[in-house]
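Letters A, B, C, D, E and F name the chains as they come in the text, with residue numbers starting at 1 for each one.
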Amino acid sequence: MTPDEMAALLERITAHNPRLHPLFSLEFGDAVVGVERAELFATAADLRDAGFDRLGMVTAVDRDEVFVLVYRLHSRSLSAAIFLKTLVPRDDAWVASLVELWPAALWQEREVFDLFGIHFEGHPDLRRILLPDDFVGHPLRKDYDDPRLIRRPDYI
Amino acid sequence: MTGVLGATVWFVIGLVAAATAFIGVVFAANALLSPRRPTREKGEPFECGMDQAGLPWSAQRMRFSTVAMLFVLFDAEAVLLFAVASRLHGNLLALIEVAAFVCFLGLGLAYAWRKGALEWRS
Amino acid sequence: MAVSVESRNLVSAPDGGSREELVVNVGPSHPSTHGVGRVIVHLDGDIVVKAEPVIGYLHRGIEKMAENRTYLQVVPLTDRLDYVGSMYANWAYCRAVERLAGIAVPERAEYLRVIVCELQRIASHMMGIGASAADTGAFTFFIYAFDQRERIIELFERLCGARLTYNYVRPGGVSFDAPQGWTQDVLAFTKAFRAAAADLDRLFFGNVIARGRMKGIGVLSADDAVAWGASGPTARASGVNWDLRKHDPYSVYPRMDFDVVVGERGDAYDRGRCRLLECVESCRIIDQAISQMHPGPVRTEGLPRLLQPRPGEAYDHIESARGSLGVYLVSDGSVRPYRMHVRSPAFCNLALLPLLAEGHTLSDLVVVLGSLDPVFGEVDR
Amino acid sequence: MAVTRQQDKATVPDRTPTSVRLAISATDDFSPGLKGFAERVRSLVVGLGITARRSVSRPVTLKYPAEKVELSPRWRGALRLTGVLGREDVALIEGPASDYNGLIDDLYRHDRLPPCVGNCPANVDARGQSFLLADDRAAEAYELVRARNILPGVLGRICHHPCESACKRTYYDEPIAIRPLHRVAFERYAEHRAERVAPLPVTREERIAIIGSGPSGLAAAFDLMHAGFEVHVYEKEHAAGGALLSGVPAYRLPRDVLATEIADLQTMGMKLLTGVRIGTDVPIDHLIGEYDAVLIAAGLQVSRMLPVPGSDAQGIWGALDFLKAGNWKGGCGVKGRRVLVIGGGNVAVDCARVALRCGAAQVTLSSLESMDELPAHPWEIEEALDEGVIAMCSYGPKEVLVENGRVAGMRLQSCLSVFDAQGRFAPVFAEEFTDVPADVIVFAIGQAPQLAELVSGSDLVLTERGLLPVDGALMTTQVPGVFACGEVVTGPGSAIASVASGHEAATSIIRYLDGRSLSEGRVYRPVPVYPRYQPATLTGVEPARRRTVMPMAKGADRARDFRQVELGFTHLEGLAEAARCLRCASEVCVGCTFCARTCPDYAITVERIDDPGHRSVTRYDLDLSKCCFCGLCAEQCPTGALRHTGQYELSFYHRDFAVFDRHEMVRSPEGSRATGADCRGCGDAR
Amino acid sequence: MALVDRISGALDSGPGGVILTSVDALINWARGQSLWAFPMGTACCAMELIAASFSKFDFDRMGTFPRPDPRHTDVMILAGTITEKMRPAVRRLYEQMPDPKWVVAMGNCTVSGGIFYYDTYSVVRGADEFLPVDVYVAGCPPRPESLQDAIIQLRRLVAEESIAPGRRHEQTTTLPRPKAGGDR
Amino acid sequence: MSAAASFGWGALYGLGASLVIAVAALFGVWAERKVAARIQMRYGPLEAGPFGLLQTLADTIKLVLKEDVTPNSADVPVFRIMPFLVFVPCAAALVVVPFAAGWTPFGIEAGALFFLAVPGMSVLGILLAGWSSRNTYASIGGVRAAAQMVSYELPRSLSVLALCLLAGSLDPGVIRAEWSWWWLPLMAIGFVVYFIASIAELNRGPFDLPEAESELVAGYFADYSGIRWAIFMMAEYGGLVAASLFGAGVFFGGGFGLPGPVGAVVFVALAVAMTICMVWAKWTFPRLRPDQLMSFAWKVLTPMALGQLALVGLVLPWL
């Protein structure tokens, strides 16, 4: 997909759906759109109906005060992929689950819950998935600390 | 007759006793020479390193009853055939009788087959 | 005594009565879980009524570790993600780094990457179908398939000195050029492999028992495959014609002539045979890549070891043996990634297990699990 | 199993259709009934046949211990480290510079020559210079450099430093500042000059004449004097230096530096005869008769001009004349004028900057090539732009606008591309014209030799381009006893290349006069040995550790006069920069700790003292039990001291055993072999 | 309490010692030649563990026969990273092996945590934190030959043991330790 | 014959059979490992003794010296006794093998019936072994074993029955004596049925469901360790040898009815060949699924056996 096509697609979907804002330039190759947390589910449903039939990736990035939730949607019919992002405040970390739209979210959201502690409202089975059930904390948060986590000494 | 039977029984008893003794000797050697270091975990049943998830003595629904039934039926019939097996040489009448018997056996199998008794999966 | 009363589940049967369930752990140390996966299986007689995969027994926190390693130092970590196909994770990661840092890769390096990754695909598929055949008891087939893999390992060892964790694909190229005579040996291998693949096909996929064991088992519909995010042979066996090499072409794949193998039924058999046929396609790609490759540099010249991309984020993906393997990288402008996430195809494919295994027997469960070809290094990360 | 084809056929070169259908058609189910039964039985028999066939073939198992796995040459296994170089145990590079110089021959193999030395046309020992400078032995460093580069002070300012572009430290951060270090060595040599520069004894009766006192002539003179010959250098100008004097502006090369170094040569015994124009004043035949050997190192004398309309107007300059006028005569009459320089090479940039310094009102540089393709060194362009030169790239000269016989400007034609697909010069122009007003136009599009006069009366024949043909690298001409070197042979080139050809010519002359074979045992030097590492074009990458930055005069001030632009390193800066050198290919650990910095799992731990000028490792642990055998450390090791052993990493009973400290890693005299002895065929593969 | 436990003291002195030595030799030969492996493969090293048993390297020729059931095995080959989540399972599987039993730690993850030593929150830093490891095999992953070498080393360890408690045979060879030297 | 003499002979033959099984297991395991290795392009045991011949001996010594673990939760007496119940019938089966024409060690008239019935006892042993371990895998394996052995009992019996009809005797010795060459084509189907059913009876691949490694880890003996497990293995190999010897004896008339040492050699060779074929099949084919296994027994083998019976019935009147 050329950058021009990508830009056209981005324009099309944002024009179609006023809740979406294009977030970043396209220099790294993929279209990125943002949405308010409250509108995530409705937007995602629209996008699915618009042809994005595949939820490729769900993950989060810890940006100190907020978590950035990143969804990668892919469409075979449009032959396109976009990133959908939403911000989740750290002290009130919840977001609507997309399991109803894409069952692919079932495990990926559990993983995000496990490692970041973000709650997915409406997820049918939100438990830890990678870590033991009795694990305390969410290790991929930047402020996670653990005596078991021996920091690598640094030369650089 | 009783003598022959008795001898046979004694032969079998001797056979079993010897084989049992053979293993017994091996077990005795094992009991004498092998180490014994029981621990609690060692005594737990093996289940891929996890706590046992379920009780293994629960019912096993493997359509086993049907198979057992069929087996009993057919094996009993087969055993009956063994009884006459040595008396069939050149005896056409007996042979026809037995053939009929086998036909019934085959028909029974076909019936069971047709009825789905041989389908393992529902 | 580990047996508890709670574990005796009384669930209501469809006919309204109640039946007893038998709960079994399959794994984490089980010969058929391909590593340390664990499936808690609820059996009704011999039929699986519920299969609940439990993963994380190999969760090593690679994503966390990457945050404290420089960009180059992450490459050895990616080796250990999908340890059956180290080259893929190397490549996916390097593509993300290259995208983030704006590094152009020399053409020869791209060809070498394609060659090693297609070889890796054969190796990985040989492992995959071999292990899933061993799940059905065809152990000798596993050994024959592994023998083919071993030949590829030898080629890799000559190329980069390691048998398993290659650390070969690096940001900006590859670590070594092909040694003298290597490409000829690769061609000889692909030639021999085609014959071997025919043998393997007859030995296992033609076998009446294997067909009976795998056909109609774990049928995945195309819609489910898409909705559950399945990719790679798992999705393609269900008729989803989606291969990143073709449909989001990267590297020099657009110059290659190859076919995407697509199955029809989506059962375990199609998944297995898709893999075998893909290997033959890989041979075609390798042959073409070798004939198209020209001498030249294999690494971007003058690339400093300490990469320091400007702040931003990049995602790139490749078609690994298990499907779409993506790496999401966030940079904050320092010498280390701020966040690395691996979109693992094995993880997404394994999530299908409960869907596919339920209603089959315990024996089928291992076949279904094997046909999904999970590698737990990548599932758990 | 369906196979889809979605291939754009056009993009695929010679498709080879391969059937993906294997031996059986596995999609088809078995037929019903008896036929199906037979098929089923057949599938079983086929399987049995395959296993039976395999069982009678030879097992692939290695029959052990007789057969061993052959390890790949790129094998990544346990590590070893040869020699740990701290302050106290300098192992290899020790003794006076001359001893070290002897090592060059030993190192003169591809794999052991450090990249900087290998990439230098003259094989200047940059590694040795760094070592000696870091050790505060500046005089030895200067002499070490001078052995292969007779004018370290000069080239320390003007060299285009191919050594730096090969520097392996580029992989880590930035290359060593080798060229500025030459200058440091030169400056610090001042205090030793009196005691260390002495006349060389003349031990041979043969005399040699050298025509031209440019870099190549002086290099040859230096070598010949060291060989004990009496050398007479003829120079047509009134001062020695050749192109260095006439072509290099003083803001790059102060006159006294050149004078000092030439004076050193004269002190050593070089006879300099200035103001003698061979060919007119003295016929060359006379020299050939008078001397035992003659070396022509006359260089290039004339600038090429463009035959465009109006190119004979007043105000048109050739680059060499322009530079000479600017350099020597203190001006070239451009004060307050608008100057247009045609050309994109280094000479063009020099002309532009000289014009600025001569007081031009506006200096424009017009080149055919685009900004990225400019043949001039990027740093030169950058400095010129800094000073206010205006660059007009991708324009070709169309015609000179003439008013009243004087230049009024130039009409330029927009150029689309310069080179064709094969990289040949084939400019493509667009029909777009731009007029640039100018009072002075300088053509800096190349130089040509002017040798017809010089060789007249002799048997020497020139090539079509006016150059002297020589026999390969031996530098012999058609006339026995007459040699040629420098730009008369090679055409326009770099100073260091001229120096290199001077050294080669000297070697040939010595052999010629000794009566030895000229070619025997001489390797045609594979220059460059190492690929040049041009910094990659990265959009977002910055090197982490910078080299010492050369202090520069401020752009606005410096364009006013001919004071030197580069200010040079201080003593301490020089020490620190020299200490950055990794001493590549010395095969001795120099304690750079790159391995420890690279190791992803911190299996290499180092305790070290790191201060400017010195590196010292006090403890060095390799932990085999943490190593992930990724091989990055050995790849990073610049010296080749850290290598993989030929062994498999073997088993051990105690975890502590897997850590080696520094003393165990030092190379033992017999080159110890690891645990091979006990293992039956496993570890001792090589 | 096995019989030998009681009579070993008597056997140990006098000519009994010779008998005991030869009995030990026989037993240790048998045990050393028949080290059945419990392949506790968790990660990458498991691939090399498989390779070691397969055709090119062929563990079977050394009598090492991989069995997936700990009850039937003598030596646990820990191959691959052990996480905190996995640790109890590994411990239990080790416990479930009948005595006498040995442990080979294959690969640096099980030796020390290896590449996963630093910066991670879920990896056990070396199997010897919770298991008595007998032989360590460095490598990431070790080659199959290295693993076979470990079995050879283990045979030596076995050869030192005696059936009588408290008695060990003299070690006849020096324990191996890796050296950093060696030329290509 | 007096009771004491019978007992004595019985004990002697019992001991002999046990030793034969022990030796057969020693070499059987070695041979299986070697054959499997060759199929898999390996060498197999090499280091213990010449050609690795002592490998199984080393294994046995080791297993004898291994700790004998009894799970805490197991039904201890049953758990401990079951190896006997599996081994003894196996040994018993050997005494009705026709080692010579007209002679079996036991010498009862209903020898064929004895051969078919007595090893059937080991079903009980296996079922109870699995059950008593209180191990999930073991109990599943035990139940599978029971279903499987029961199902394959029938075709196996019927195929032997066809022979008995042909020979007009239930005594294997007599059958061997009566054998003539035209039985070979006539009994071909019967032999195939017997061969396959024997493999299944012995729980060997591709019918090794009860101990399916990839599903049940070790199946019914998952919790047996050391020597107790070894007894199970010994019984399996003993059964293998007994089935091969019996098959060679009755289906091929010993060594094709050849007299004397030549016949003995051919007899043993045939038995070895059958054993190797069983190993060959095991290492070639995938394992069946339980339902495939059952339908194979009932839908393929049983009709085949009945067909064989009918075929024999056709020729019987002309005997």
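Quick note on the criterion: a residue touches a chain if its C-beta (ideal position, glycine included) is under 8 Å from a C-beta of that chain, and two chains touch if they have at least 3 such contacts.
Note that the structure is predicted; figures quoted are calculated from it, not measured.
Comparing the chain pairs D-E and A-C, the larger number of C-beta pairs in contact belongs to D-E. A comparison of C-alpha centroids places C closest to the centre of the full protein.
Distance from the subunit C centre to the subunit F centre is 42 Å, each centre being the mean of its Cα atoms. The centroid of the Cα atoms in subunit C and the matching centroid in subunit E are 31 Å apart. A separation of 61 Å divides the Cα centre of subunit A from that of subunit F. Multi-chain contact residues, meaning those touching two or more other chains, occur in subunit F at positions 37, 39-43, 65-69, 72-73, 134, 136-137, 140, 213, 217, 222-223, 226, 283-285, 290-292. The set of subunit B residues that touch two or more partner chains comprises 31, 33-37, 42, 44-50, 52-54, 56, 60, 62, 121.
Looking at subunit E, residues 54-56, 58, 61, 68-69, 71, 85, 89-90, 93, 96, 98-100, 115-122, 140, 143, 163 sit in touch with two or more other chains.
Remark: subunit C residues 1-3, 22-25, 30-32, 46, 133-141, 143-144, 147, 203-204, 207, 209-210, 212-213, 361-366 touch subunit F in the complex. Residues of subunit B that touch subunit C in their complex: 44-45, 47-56, 58-63, 121. Subunit B meets subunit E in the complex at residues 31-37, 39, 41-42, 44, 46, 48-50. By the touch criterion given at the top, residues 55-56, 59, 61, 63-64, 68-70, 99-100, 224, 226-229, 240, 242, 247-248, 306, 312-316, 324, 326, 328, 330, 335, 338-339, 341, 343, 347-348, 350-351, 380-381 of subunit C touch subunit A in their complex. Residues 1, 24, 27-30, 53-57, 59, 61-62, 70, 72, 76, 79, 81, 83, 102-104, 106-108, 111, 115, 128-132, 139-140, 149, 151-152, 156 of subunit A are the ones touching subunit C in the complex.
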